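In this document, chain identifiers A, B and C correspond to the written order of the chains, with residue numbering beginning at 1 in each.
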């Protein structure tokens, strides 16, 4: 028996151990669950270390002698102060640096790509469009506008504002319905993957 | 030092990263690149810290012989085995990769595959058309569910030369009302993200720094 | 009176039957609905959608020797949906003699990336370093995406196996988005949106994405505006792409099971609602009596 065959048998056993939860909670499931947490954490931490510490800090600083990377390592080390309640405040410098940097480059990009370009895409281009396209474009315009009215909380939703926001809710419900349909699709696909493994891959590897 | 210092640092870094979007200045661009590099190291260290916390949690459970401590031994055993396997062999081959291929990957995949059963159960027991909007949600869901699989192509009616199938209706739902819904939410969330980001840079929003900041 | 009582009892039993089904029976039925079509295929026809065709054509339009970026932005939890897309895309790329710079923004991604890359490269006789390179995992996706617009070598000073990227021939030719005509991300999260915002928005990078079904529904607005050149949605998207490539894989093989499971879930919703309405009517009648 080679390593791949042994691995496939083990993978099938663990797959069944996880599926056993469907009957009820049991020690096989709990063993598999805890092993998964441990192995995953071990797998991740190796990649965290080799990418963040070796690749992005040690290699550029000590091999390429790019000293501009040194502050990154120091900021990273500040995170370790979180391990003690008394020194936790030191890590705030690293957190503030990280979150503020993200905020800084997020603002222009989000405004441009998630707001302005989307508004541009909602304005109907009616010249030369087919009747179907015109209807579609108008539905899009009404939908986006009424949903934004629904999210407008600076005034009480009464009268026209209430009617418009109710149209917005209708669009949102259709959107949630589509999400629900796709969610079912995604979950079923994951099950198909495991059954393909159990019913097709395992017998193939075992020569059944 | 404990409260204002981090906010001042955040303000300076935030402004630098904001300004770089609008200027081709070489010095600013070089510092922008530095900040991006440093950010990756900080993020990586944060993740390592998360694994250290997981280790300490299970270690405490074992040392205090708390209920289920035996399972914590399994977790710590798995964690340490992977670290030593990567150190002794390599992260690209040997037991480290074997454990990923035959232990972690199949179990993680199965864990999420369980959700198919729960979604089926919830469909039977929870999804009720209690009112107009709920009925609309369910109808759209059912059309998309059937319309987005090969079976949906086969269910439909022929009007003249045109075959209108569930797949056609499903595509229309996705292209128009669904798109409007997703875009409306996207614009709203985009504006919300921007407002929060501005509040973070100017120091109004500090909750992310933890208690007492 | 006796007839009415009998009818009430019968309707009560029906309500009981419809509303109190053991969840394990539902689990068993759904398992059969997925397993049986895998063992006894129906071969339902798969018709490519407009979005999948656009995804295919974006790759098809490239010339031999062009370099693409391929980002494996997922972990084993969604590999059933996304691995067929990754493998099909890599086969398409290598079949066209495109060169691939691969990376992942997920710590659980390297194992998946290596497996797919090695399989496709072996099938088409491609060599690491010249035909493809795997850069590995980098923490902080947004900084990675932005930094790659300036320099891939600086973003990844070494590749996955710790080889300095400055020494890799492929990266000497292609070192930023400016040198790369197409970026592909196969993702289980909002990372497709972030590639669009940062690589697409800031650097004008052309992008196509493979998405889980859950994520695909959120991506339509970007496709309509042209920020996204094409996309695949869920296992069905993978099947459509396999059909276009004429390389059947696990996507197409899974479509019968997918259809049957969806049909069954629709039936569950209908039966559940019939039970609900009967129960509501019985409660109203009981109240009236």
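To be clear about the criterion, a residue touches a chain if its C-beta (ideal position, glycine included) is under 8 Å from a C-beta of that chain, and two chains touch if they have at least 3 such contacts.
Computed from a predicted structure; not experimentally measured.
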Graph class of chain-chain contacts, one of line, ring, star, complete, other: complete
Interface ranked first by C-beta contact pairs: A-B
Approximate Å spacing (C-alpha centroids) for the pair chain A, chain C: 13
Averaged-CA centre spacing for the pair chain B and chain A, given as whole angstrom: 2
Distance between chain centroids, defined by C-alpha means - chain B, chain C (Å): 15
Multi-chain contact residues (two or more partners), chain A: 22, 40, 43-44, 47-48, 50-52, 56, 60, 102, 105-106, 109-110, 114, 118, 121, 178, 182-185, 188, 190-191, 193-194
Contacts with 2+ other chains: residues of chain C: 27, 30-31, 34, 77-80, 107-108, 110-111, 138-139, 146, 202, 213, 217-218, 221, 224, 233-234, 236, 258, 261-262, 265
Residues of chain B engaged with two or more neighbouring chains: 21, 36-37, 39-44, 47, 91, 100-101, 104-106, 108-109, 111-113, 116-117, 119, 123, 138, 141-142, 145, 148-149, 174-175, 178-179, 182-183, 186
In the complex with chain A, residue positions of chain C that touch it: 24, 27, 30-31, 34-35, 38-39, 77-81, 83, 107-108, 110-111, 136-139, 142, 146, 156-158, 162, 164, 193, 196-198, 200-202, 212-214, 216-218, 221, 224-225, 227, 233-236, 250, 253-254, 257-258, 261-262, 265
Interface residues, chain C side, partner chain B - complex: 21, 23, 26-27, 29-31, 34, 44-47, 49-50, 75-80, 107-108, 110-112, 114-115, 138-140, 143-144, 146-147, 150-151, 154, 160-161, 202, 213, 217-218, 220-221, 224, 233-234, 236, 255-256, 258-266, 268-269, 271-273, 276
Contact footprint of chain B on chain A as seen in their complex: 3, 6-8, 10-12, 14-15, 18-19, 21-22, 30-53, 56-57, 60, 68-69, 71-73, 75-77, 79-80, 82-83, 88-89, 92-111, 114-115, 118-119, 121-122, 136, 139-140, 142-144, 146-148, 150-151, 168-178, 180-185, 187-188, 190-191, 193-194, 197
Residues of chain A that touch chain C when the two form their complex: 22-23, 40, 43-44, 47-48, 50-52, 54-56, 59-60, 63-64, 102, 105-106, 109-110, 112-114, 117-118, 120-121, 178-179, 182-186, 188-196, 199-200
Of all residues in chain B, those that touch chain A in their complex: 2, 5-7, 9-11, 13-18, 20-22, 34-49, 51-52, 54-55, 68, 71-72, 74-83, 86, 91, 96, 98-117, 119, 123, 133-134, 136-145, 147-149, 170, 172-191, 193-194, 196-198, 200-201, 208-210, 212-213
